[in-house]
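Some structures are shown below for you to check.
In the two assemblies presented below, chain A is common to both, partnered first by chain B and then by chain C.
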Partner chain A sequence: MKNFKAVGSRLLQLALVLWAVVTILFLMFRLMPGNPMAAYIDPTFTLEQQQQLMAQFGLDKPLWHQYLIYLGNLLQGELGQSFRYREPVGQRIWILLPNTLILTFSSLIVAYVFGILAGAYLAWRRGSWVEQAAIPLVLTTRAMPEFWLGMVMLAIFSFSLGWLPAGGTRAPGNEYSGFLDLYTSRDFLAHLALPAATLAIYSQGLPLLLMRSNMLDVMKEDFVTMARIKGLSTWTVMVRHAARNALLPVMTSFAIAVGYQLQGNVVVESVFSWPGLGRELVNAVAASDYPLAQGAFLMIALVVIFMNLLADLLYAFLDPRISHA
Partner chain B sequence: MPEIAAPAITKPRRPNIIARMFRALRLPMNDPFAVAGLLIYLVFVVVAVFADQIATHDPTEILYTPAYDLAADLRPGQDDFLMGTTSLGRDIFSQLVYGSRSALLIGITAAFMVALIGSVIGLVAGYFGRWVDAILMRLADIAFGIPFLPFVIVLAAFLRPSIWNVVIAMALVLWRDTARVIRSQVLTLRTRGYVEAARVAGSSDVKIILRHIAPNILPLSFLYGSIAIGWAILTEASISFLGFGDPNSISWGYMLQDAFASQALAKQAFYWFVPPGICIILVVSAGFFITRGYENILFPKLSR
Partner chain C sequence: MSEPLLSVRDLRVSYQVGRNFVHAVDGASFDIPRGSITGLVGESGCGKTTVARALTRVIAENAAITGGQILFDGKDLAKIPEKDMNALRWRDIAFIPQSAMNSLDPVYTVEYQLDEVLRRRGGLNRKQSRARSEELFEMVGIDANRLTDYPHQFSGGMRQRVAIALALALDPKLIIADEPVTALDVIVQRQILDQLKELQTRLGVSVILVTHDISVVAYICDRTVVMYAGKVAESGTMQAALTAPSHPYTMGLRNAFPDLQGAAAGILTPIEGAPPNLASPPAGCRFKPRCPFALDICGTEPPIVEVAPGHPVLCHRANESAALRIEAARTETWMAPA
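Showing the complex of A and B:
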């Protein structure tokens, strides 16, 4: 019962954050310098199109009325027309979202598998020279600009060695009949390798450091000492007893990492010309394609907000010691 | 047996304000990581201050070789250009030196803003509690819902291009992390005996906050400030790289964007795009190293 109430208040908080972000987005794009109608209408649209959009978004009405119309449209998933693509923004975003999600999740899964294993190993080898050398190295990977790492990777593996393609998702001329056909092709995976590796190198630090410090905490607990006294092998103690318990907070951090990764994608997608949400946002802002910029921003914000929620809920459900007070 | 010194009779001189502030910051001088971090900061500060003396050329000037050819894409050491030149004939070494100026300028102002705003909000929310706390923490929730980099991009595109856009965006959004941590710290400090005592003795809220609570959270603010320096420099680099930076100021991010757009990757001009990245890594990791030293002092439980 207590839990239901806590989840309820968390959902209320979610609603507040969603409303606030949507409102901030509205204000940012309406109060920008220049013609207020520029948020939806491009001068090159036909008069008919302009009038239709004018009515749809109530651009001739006062600001508060526009705001209500904007909220109503959002609830129906109506985001306007992209200036450059001449197609609905929603449609464009649905095309780009899979690319971004594939890049994000493939890199994060690699980063988490590596980070968890390496973190557990470093905790086990605490005080050794391996650990002494590894920690500053890991901190250094966290300090790298992601796009710079991408540039170095491109220069080495693509331009110098010629092993992997330099950008995009497929070689020119290659056509694929369907969704699955493209995403499982060798061509696509070769294009995915460099950007995913770049993001993975940057992201492995968080699970690694988290896993290491959790392991160190857990290894001091009574039940681990007990397992040692029982004479279980080091491997059994480390894996069955310590690692399983240290893993919990690392798994919840995955949800938060997805949100952060999506923001970092903005630059990495630009380096590798990866047709995802982040690169589209940058291009749309640069080309003053405001409806598309708003749509891409909103989509990224939505994923960030829901991942924060997921992390909170996971944390509470996976670890009964945490109470929603 | 060592001789026991006689207790000093002279009244101990009150240390001056600067010495007291340094002590209040509790700089972790016995941690090798932290000392390395502080030394890196020191080197970059010196380079930034004496940039005019250290740089060999004007970083924006288009240079020519002694044979009156455009000094474009020269390798390091060619024609006395220490680290080579860009495709437009500008000196890379001098750009690197001047880049430390904008990096430190942005890093320190942004960190100051983030630490100040975050600390004040955390202090007020934690000390006053109730509805003040509720409102401020809901604001923090909202700030956590804003994707930071996309927000900076949109802001930088709508405002005039300037290096301050990054500082403004950070001040608007990134105070959230500092504020949450400071607030929880204040919540425990508030119940301490000496704070109760001050309240019973009739001290005003302002006096209790400034005199009894704020000094105790100063090291935490400094810790979050040193993380924010790194964030600011990374953010500025990203924004400049994406083309929303100030075209009139030389920064490491600008250098990387210039190199990327001029096909430096295909030309294998590692001498051009590797050094700015190394500089960014050094300054940002210096912040991390200091942070680690602090954590050992502030949370001794963690250090083993």
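Showing the complex of A and C:
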């Protein structure tokens, strides 16, 4: 009963946040300078034709009316028509979203698995030369801008060594029958390697440093000392007690990192010509393709909100003090 | 007198703080007979917890046992290899910590934590472990259906009972209880102490009870070891310590505490001053700066005087203790330290 109430209030919160995001997006694009139709309307059109087009897109109506139409459309899953592609925004996003999600999750999972293991190890070996050498190295990877790292990776592994392709998701001319067919092909995975590695190198620092500092704190806890007095093996003490407890905040940070990563993707997708939501967003803004940009923003916001919800649920699942309160 | 279970001889433990060494335990010697409860008392920073932890050899990273012997069952725990030490941890020497809240892992059920000890350290199988857990819970008076609860779902007193159940799990020979009731209120303190005493008598295990509270010691202990500034000031039977305290510090402690029953024993008299800084302890007797009976000779290292069999006292004036006790009973004696 208590749990239902908690989940219910969480969902209500979610709905409020969604509404706020949607409203801000709506206003943002209408407050931007310039006429949204500029990209769409050919200069040779007559004023009459222009007004006709404006009416077609509903831009002649008062703002509050546009807002209601916008909300109504959203509720039906209608994101509008892209100015540039002359096709529904929803369709465009549907094609690009999987590319972005695959890039994000593959790189983050690698980054977190590595970061958690390495962070726990460095905490365990505190004061050793390994730790002394590793920490500055990790800080260096944190300090490298993604676009620069991406270009270096390209220069080394693609242009000089020629091991991996430079951009896109597949070699020219290759055709695949469906999503699954494409995403499991060697061709796709080879294209994924460089951008995913770039993002992974950039993101592993956060879980690593977080895990290390949590672990150092947890290792001072009485229950870890007690585990040692119990004569448990060092492995049991470190993994089952210290690492298990240190993991809690790191797992939550994963969900939040997905949101951050989607921003990072904007840069990396551009560097590697990765046909994802981030790159499309940049292009759409540059081309004043407002419906598409709005749709892409909304999609990214949705993923972030959803991941935050997941973080809350995950925490409750991992920490009995919350689920069994 | 039979061979003691544990015999600590001239134990020294030092902490490295920056470039300095703090000798937290500086030559402590005492015996723990089989089947007894021994109170290890002293004020904060006197080294009692350090002694307790040194017996398990799980000590702070910056601490080291620098000398002496810990003779337990014919082995010197100060010298045996880590592997051998680990083999007898919990199976022979168990530990009850001060704060059971922080010493139980919050993410596992109590059953998991009992099971971990019973199976990993005790070699029991799943079924035996379950049966033993239920038996242990019954022994400490908790319903067995609470085994599947998490530590945060228990009250402070209950958690302390869980900690006792954990300590008893593998039938150890010695249980070291480090301030086991300090965090609890007086009513619960008594319940836990009664339970500890009852289980100790029933199972015949030896207990070292580390506490700053001499009334707790008086309540359940058979013997006492009084520590002051890293040294053992006096040790002996409870009877001897209560009726014939022979170190001025013990006499002072007697005046400074009410008993656990709360019977007003007249005016409580504190010992003025503070214990010395162990990074640079005073020469000679460490209690000298606070002792109302200090003489010039107290500036030199005091001898260990056996005032009665099994009742050693670290004091130059130990042989005059009968006269000093009469003086010490007067509040005025402690008002203006020498």
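Quick note on the criterion: the second predicted complex is superposed on the first by the 282 of 325 C-alpha atoms of A that agree within 3 Å, B and C clash if a C-alpha of one lies under 4 Å from a C-alpha of the other, contacts with A are read in each partner's own complex, and residues count from 1 in each chain.
In this text, a residue touches a chain if its C-beta (ideal position, glycine included) is under 8 Å from a C-beta of that chain, and two chains touch if they have at least 3 such contacts.
Keep in mind that what you see is a predicted model, and the values were worked out from it rather than measured.
In the model built by aligning both structures on chain A, chain B fits alongside chain C without clashing.
In the superposed pair of complexes, A:I116 makes contact with neither chain B nor chain C.
Within the superposed three-chain model, A:F223 lies in touch with chain C and out of touch with chain B [touch as defined at top]. Of the two partner chains placed around the shared chain by superposition, neither chain B nor chain C is touched by A:A311.
Of the two partner chains placed by superposition, only chain B is touched by A:V266; chain C is not. When the two structures are aligned on the shared chain, A:H241 is found in touch with chain C, with no touch to chain B.
Counting the residues of chain A that each partner touches, chain B and chain C differ, and the larger count belongs to B.
In the superposed model, A:M151 lies in contact with chain B only, and not with chain C.
In the superposition on chain A, contact of A:R142 is made with chain B only, not with chain C. Think of it this way: put the two complexes on top of each other by chain A, and the tightest Cα contact between chain B and chain C is 11 Å.
Overlaid on A, the two complexes show chain B and chain C touching no common residue of chain A.
Remark: chain B residues 33, 138, 141-142, 144-151, 153-155, 157-158, 230, 234, 237-238, 241-244, 253, 256, 259-260, 264-266, 268, 270, 273-274, 276-277, 280-281, 284-285, 287-289, 292, 302, 304 touch chain A in the complex. Of all residues in chain A, those touching chain C in their complex are 221-223, 225-233, 236, 240-241, 244-245, 248, 318-321, 324. Of all residues in chain A, only 13, 16-18, 20-21, 24, 28, 32-33, 126, 136, 139-140, 142-149, 151-152, 154-155, 158-160, 213, 216, 259, 262-264, 266-267, 270-271, 278, 281-282, 285-286, 293, 296-297, 300-301, 304-305, 308 touch chain B in the complex they form.
Only residues 56, 58, 86-91, 95, 97, 99, 102-107, 109, 116-117, 120-121, 149-150, 152-153 of chain C touch chain A when the two sit together in their complex.
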